[in-house]
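Structures given as C-alpha cells follow.
Common to both upcoming complexes is chain A, partnered first by chain B, then by chain C.
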Partner chain A sequence: MQALKSAFRQLAGYPSALLGGILILILLGVGIYAPIAIPYNEAIALWRGGEEHWRQNPRNVPPLWYNWFTKEALPISFQYTEADENVTRTDTPRENGGTNTIITYTFDFQADKFPQELIVYLKSDYATKKPFISFTWITPDGREVRVTDLGITQSETYRFGQDTKLQRRLGGLPANQGLFADPNSEEVKPLKGTYTLVMDALTFEDGDTIVSSEFVMHGLVSGWFGTDHFRRDLGVAMLWGTPVALAFGTLASFGTSVVTMIIAAIGVWFGSWLDELIQRITEVNLVLPFLNILIMVGVFYSRSIWTMLGVTILLSIFNASIKSYRAIFLQVKESPYIEAARAYGASNMRIVFQYLIPRIIPLLIPGLVLGIPAFVFLEATLAVLGLGDPVLPTWGKMINDANNNAALYNGFYYWILQPAVLLMFTGLSFAMVGFAMDRVFNPRLRGV
Partner chain B sequence: MSVEIQTQPGAEAAPRRRLSPALQSIVRVAKYSGVKLVMLFITVVIGVYLTILIANMGGYVDQILRGEIREGISQRLRRDPLYRTLTPAEQNKYFESEVLREEERLHLNEPFAIRSVVYLTNALQMELGRAQNMSSDSGSRQVRLIILERLAPTLLLMGFSNMFLFFGSIFIALSLSRHYGSIWDKVTVALSPTSSAPPWFYGVFFILIFAAIFRVLPFGGMLDAPPPTNKLDYALNVMKHLILPSSAIIISSLFISIYNWRTFFLIYSSEDYVEMAKAKGLASRDVETRYILRPTLPTIITNFGLLVIGLWTGAIVTETVFSWPGLGRTAFRAIGLFDTPVIVGLTIIYAYLLAFTVFILDFLYAVVDPRVKIGG
Partner chain C sequence: MTVEKQLNEATPAVFKKGKDREVLLSIRDLRVWFELRRFGFGHAGYVRAVDGVSLDLHRGETIAVVGESGCGKSSLMKAILGLHKPTEGEIIFDGKNINEVGQAGLNWYRSQVGYVQQDPYGALPPFMSIERILEEPLIINGVSSKQERRDRIMKALEEVKLTPQAEFLPKFPHQISGGQQQRIVIARAMILQPRLIVADEPVSMLDASVRVEILRLMSALQESHDLAVIYITHDLSTVRYFSERIFVMYAGQIIEKAEVDSLLAKQMHPYSEALLAATSDPDADNALTFKQVPPGEPPSLVKPPEGCRFHPRCPYIIEGVCDVKMPPEFEPVPSHYTLCWLHDPEQN
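Let's look at the complex of A and B:
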C-alpha cells in the first residue's frame, strides 16, 4: 500500500501524467453524464433518426461556434413552438361558428447570409371543412409580404422555398432569400432586424381548432456540434461516443492483460505439457490474421459492439506479451518465498493467485493503461471500415459517415475533426499516463 | 557453416576423431531443424484451418451464398424472354437445374467438412484456385493473379514507409542515446504518446490539410485519371500519390519506434564492456557499431523480419482511407463478397512467410551472436 502511494506520488511528478490524468477525469465525467442526459434507448432511437426526431435541423451544417471564426455571421437554425416566449396566440370565436386564430412568430435575424429554408408545421382538428389560413411576413423595415393562403389538413407542412407562386411574388428570388433581402441594397443581401410571421387562421365550425403550430428555420449553423446528412445532431454521437469508447477500451485492455497474465502464471506454475500447449497456441495465434478475422466476424455474424469486444479479447489473450510475462514468472517461481509457501502446504491455486500474480501487478498496470488507446482506436477502426455497432452512435461511425459522404472533399471538416479530436484526446491521455507509469513501475526503465 | 567444413578437402584427410564434432553438430542442427520445421508446419496447418472455419462461420456463409445464388438466378431468368414462354412446372425445373449448376460450380453441394479439407490441402500446396466472386482488374478469376496484381502497390506503400521508419528510427535513436537528456531526447519522449493513434487517423488529418485545404496533393488513389503515358511522369505521379499515405504510416509509429530503440540502446550502452571500451578511448563510432549495435543485432534482426512479413498483410484501413489499390483492400473486399478462396490464399501466404521467417531467424541469431548455439 505504501509502495503504491509512493508510486503515485512519483507519477504526479510527471507533468504529462498529470495532464493525461486530468483529461481522463474529464472524459470519465462526460462518459458518466452521457447516459444520464440521454438514456441508452433514447440515444439509439435518436441515432436511428427520422423526420419526427430531426426535422428541425438542416442537413450538413457546421456547429454554432463556426460563427466565432467567420467574417460573415451565419444564420442560426431555430425551432419555435407555441410554448416559446416570442410566440403569441389569440383565439376569438366567430359569430357563425368556428374560431379566428392569430399566431405571430417574432424573431431576431442578425446574420449576413440567407438561411436554407423556412418551414411551418400545423396540426388542426376539424369535422368537415378544412381550416383556412393565410401567412403574412413582416420585415424589419415594415413591409408586409403576403406569403400564402391555404386550406390545411389535419397535419400540414408548408415549405416556403418550394412555393413557386411566392417566388414569383418576390421577384424571382427563392423565398429563403426574397423574404430577407434588403430592397435598398444593390447586391442581394439580408436585412438585419426583427421579423414577424403572422398566421391568420379561420375554422368554420364549433369544435374545429388549430391544435398546434411550429415554425422552423434551417440556418447555416446548428447546435454545438453541427448536423450530418440525416439532419442528426452530431452532439448525440459526440456525447455517447465517450462512454462507448471508454468502455470498449478499458474492458478490452483489462480483459486481455489480466487473462493473459493468469494464463502465463498457470502455465509457468504447472509447467510440462500445459506450458508447452500455451506456447504452441500463442504461435498459432500469431499466424491468424487478427483484423481479417474481426472483419469476418463483423461481416458474417454480428457487428454488435459486445460481440466485437469478446472476439477482440479472445484473439488478444494469446499475444506476444504472454512470453514476457512467462519470463518474469519463471524468475519469480524460483524465489524463496514461493518455496516457503510450498513448504507450508499452500495449494496450487493459492500460490498462483496469492503469490505469483500479485508480484507482477506493478508491471501489469502500465501495460493495461497503454493498451487502452489501442483498443479505443480499434473500435474506431472497425467503425471506419463500416463495421461499427449497428445501433450505437460512436465516434468511429461519425468518421465513417463523413468519409462515405466525402466530407473532406465537400468541406464538412467539422464532421471528421470533432470525433477525431476526441479520439486523439482519449488516446493521448491514456498513453501519457501509461508512459509515465511504465517509467515509475518498470525498474529497467528507471532513470532512463 | 558446418556444411562448409565437410566440403573442404582438408577435412577428408583429417583423422576420424577430429571430424566427429563437426558431424555431431550437423546431426544436432539437422535434428533441431527437422523438429522445428514440423512444429512450424503444424502451426501453419492449424492456423490456416482455423481461418477457413472462421471464414465460413460454421456453414452460415454457405447459407448466404445459396440465398444469393437463388436471388441472382431468379432475377436473370425473369428478364429472359424464352424462360417466360415455359410452363410453370418447366420453369421450376429449369430454375432448380440452374441453381444446382451454380452450386456445383462453387462446390456448395459438397458438405463443408470435406470442402474445408480440400481448401486446406490446396492451400498448403499453394494451389490457390479460382475466386468465387472476385476477379482481377485484367478479368481473371485466378486467386494468384488477383493477389499478384495488388501485391506491387502494397509492397510499394508498405515497403517504402516501413523501411524508412525502421532505418530512420534506429539511426535517430542511436544519436539520441548518445545525447541522452538533450532537448531533442526530451521532445521525442514527450511525443511518443502520439503513436497511440493508427496511421489512418493521421491520414485523415493529412488529407484535410494537404488535399482539402491547400489542394496540393491528391485525396487518394495511386494514379491520376487518366494516368500519364510517359514512364517518368508515371513514376512521378505515383510518387505524388504515395506521399500522404506513407507519411501517415511513418508519423503514426515514428516516435514510439524511436523511443523504444533509444531506451533499448540506452540499456545496452550502460553495460560494463561499453564503459570499458569508452575508457580505452575508442572512437564513439567504433563503440556504437562494435559494442552497442553488435550485441543488439538479434533484436534488430527479429524486428526487421517481423516487419518484412508485416508488409504482406497490407494496411486495410490506411488503404481504404486513401483508396490505395493494395492487398489490404483486396482482403477487405474478399470478406465482403464471402470469397473464401481469396481469404484463404492471403492467409496461407502470410502463414508460410511467417513460418519461414521464424525458422530463418534462429539460424541468423547463431550467425550474428556466437553465444547462441543452434539446438544446444
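Let's look at the complex of A and C:
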C-alpha cells in the first residue's frame, strides 16, 4: 500500500501524467454527467429518433461553432413555444361567443444567409367550427406581410416554404428567402433585425381555444454538435458515447488483465498438466482472428454491447500477456519467501492470491491503464463496422452513420471529426498516464 | 577480533544435554530423487540428491549438517520441512511418520518445525509489513483472535530483541537492516512455538559483525525454548559453537558423523579432512601458504561413481576396494561413524 502511495506521488512529477489525469477526470465527469442529464431510457428513445423528438432540428447542419470560422454568419435554428419570454399571447372573449387570441413571436435575426424553413405547429380545441387564424410577418423595417389565413384542425402544421400562394405574393421568392429579403438590396440577401410573427386567431364558440402554438426555424447551424440525417442532435451521442466508451474500456481492460493474471498465477503454481493446458489454450487463442470472431458473433448472435464485452473479455483472457505474467511468476515462485510460506503451511490458494499475485500488481497497473483505450477503440471499431449496439448512441456509431451517408463527400466533416477527436483524447489521456505509470512502476524504463 | 574469538567469549559453555533424551526426529534411509525427463516425457534417470540418509535428532539437541554446495544438504532440509516428498524412507517426528499423517497431520507437523533461511531479504515478502509477515503463520495455523495474534507478535519481537515493537510493526522489509531482517525471519520461525528449527546457513549472508549477534540470539532461544536445531552450513568455523554433533554430507550421503570435538580433533574420512583443511581462518600467515584441496569436481548425482563416491578424488584410494564396493558404516572410535574403507577393522 505504501509502495503504491509513493508510486502515485512520483507519478505526479510527470507533467504528461498530470495532463492525462486531468483529461481522464474531465472524461469521467462527462461520463457521470451524461446519465444524469439524459437518463438511459430517454437517451435510447432520443437516439431511436422520430418526428416527435426532433422536428425542431434541420437535417445535416453543422454545429454552432461553425459560425466562428465562417465570414458569413449562418442562421441559428430555434424553437419557440408560448412558454418563452419573447412570445406574448392575449385572449379576449368575443361578444357573440368564442375568443380572439393574438400570439406574437419576436426574434432577432443577424445572419447573412437565409434559413431553411419556417414552421408553425398549432393545437386547438373546438366543438364544430374550426378556428380561423391569420399570420402576419413584420420585418425590421416595418413592412407587414400577410402570410396566410387558414382554418385549423385540432393539430395543424403550417410550413411556410410549401405555401405556393405565399411564394407568389413574395414575388416568386420561396418563403424562407422572401420573408427575410432586404427590399433595398440589388442581390437577394437577408435584412438583419428584429422580426415578428403575429398570429391572430378567432374561435367561434365558447370553450373553443387555441391550446398551444410552436414556432420553429430550421437554420443552417444547430446545437453545439450539429445534426445528422435523422435530424438527431449529435450532442446526445457525443455525451452518451463517453460513459459507454469508458465503461466498455475499463471493464474489458480490468476484467481481462485481472483474470489473465489469476490464470497465469494458478498455472505457474500448480504446474504440470494445468500449466501445459493453459499454455496450449493461449497459443491456440493467439492465432484465432479476434476481430473476425467478434464480427461473427455480432452478425449471427447479438450486437448488444454487453454480449460484445463478454466475448471480448473471453477472447482476451488467454492473450499474450499470460506468457509475460508467467515468466515473472516462474521467477517469483522460486523466491525464498514462498518456500517459507509453504514451510509454515500456507495453502495453495493462499500462496497464489496472497504471495504470488501481490508481488506483480505494480506491473499490472500500467498495462491495465494502457489497455483501456485499446478496448475503447475496439468498441468504436466494431461500431464503425456496423456491429455497434443497436440501441445505444456511441461515438463509433456516429462515425458509422457518417460513413454510410458519405459525410466527407457531402462536407459534413463535423460528423466524423467530433467523435474522432473524442476518441483521440480518450486514447491520449490514458496513454499519457499509462506511459508515466510504466516508468514509475517499471524501474528498468526509468532513464529512457 | 575474529568471529571465532567473539564467539568463544559469547558462548562460554557449549550445551550438551540433548544426547540422552528421547528422539524427536528420526530419519530412516531417506532418499530424495528427482526424475529427469527426455523430451518432456521419456525417462532419463534420476538425480539422487539425497541417497540413503539416516539420522536421529534428540529433543533439545543441536546438530550441524556440513558439506559443499550440491551435496544434497538443501534437499535433505527441504524433505525435513515437508517441501519435498521423499522418494523412499521415513521421517518420523515425535513418533509419527509424516508421510502417513495426512493433510491435517502435515499442518500440525509444519507448525512444529520452524525454518530460518539464508537470505533474510528474500525470505520476507517485500509487499507485506512486518506485522503482516509475523501474522501470516498465526492466521494459517488457526489463531483466530486478533488480540492473541497481536500479543504473540509482540512477544516474538521482544524475544528477538526488536524493541520497541510498535516501531517495527508497520515497517516493510526494505526499511530495516539485514541483521534486523534476519531477526524477523527468526521471529517468524519461532512464532508458532516449534520444537525443531531448521536453519539453512542463517548467517552466511550477513556481515561478520552481525553474525555473532544472530548466532548468540539463536543459542539463547535454543536454550530458553528447549529447541532442537538442525544447522545447515558449509562454514565449519561457526559449527563448533553451535552444535553437539556434526554430519558431513557428500554426494547425497552422510559420510561421517560424530560429536563436534571428536570430529574436529580427528577426521576419519578423507573428505572431512579436506573440508576442514579448506576452512579459512582469518590469520595473516594463511596468505603465504597454499591449501591442499582434493582434485576434481563433486560427482554427478545422476550416475554416482561405483563403490565409495569419493574415490575418484581420494588421495588414499585402495585400488580394487574403494572403486568396487560401497563402504558400510564403521565405528572406529565410539560414537564416531564414517563411511570409509580405510577404517575397515578387518583390513587393519
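Criterion: the second predicted complex is superposed on the first by the 448 of 448 C-alpha atoms of A that agree within 3 Å, B and C clash if a C-alpha of one lies under 4 Å from a C-alpha of the other, contacts with A are read in each partner's own complex, and residues count from 1 in each chain.
Methods note: a contact is a pair of C-beta atoms (placed from the backbone, for glycine too) under 8 Å apart; a residue touches a chain by one contact, two chains touch by 3 or more.
Computed from a predicted structure; not experimentally measured.
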item	value
Combined model on chain A: chain C and chain B, fit or clash	fit
Chain B versus chain C as contact partner of A:Pro289, first or second or both or neither	first
Arrangement angle, chain B at one end, chain C at the other, chain A at the vertex (C-alpha, nearest 10°)	60
When both partners are placed on the shared chain, which of chain B and chain C touches more of chain A	B
Which superposed partner A:Ser335 touches (first chain B, second chain C, both, neither)	second
Which superposed partner A:Leu23 touches (first chain B, second chain C, both, neither)	neither
Touched partner set for A:Gly345, first chain B, second chain C, both or neither	second
Touching partner for A:Leu417 - first (chain B), second (chain C), both, neither	first
Contacts of A:Tyr355 with chain B and chain C, given as first, second, both or neither	second
Partner chain in contact with A:Leu191 - chain B first, chain C second, else both or neither	neither
Minimum Cα separation, chain C to chain B, after superposition on A (Å)	7
Residues of chain A at both interfaces, chain B in one complex, chain C in the other	none
Chain B to chain A touching residues, read off their complex	39, 43-44, 46-48, 50-51, 54-55, 57, 60-61, 64, 189-190, 192-198, 200-201, 204-205, 207-208, 211-212, 219, 263, 266-267, 313, 316-317, 320-321, 331-332, 335-336, 338, 343, 346-347, 350-351, 354-355
Contact footprint of chain A on chain C as seen in their complex	78, 81-83, 106-107, 110-111, 113, 115, 117-119, 122-128, 136-137, 140-141, 172, 185, 188, 192
Residues on chain A engaged by chain B in the complex (per definition of touch)	16, 20, 280, 283-289, 291-293, 295-297, 299-301, 370, 373-374, 377, 380-381, 384-385, 399, 403, 408-409, 411, 413, 416-417, 420, 423-424, 427-428, 430-432, 434-435, 444-445, 448
Contact set on chain A toward chain C in their complex	2-3, 335-337, 339-347, 350, 354-355, 358-359, 361
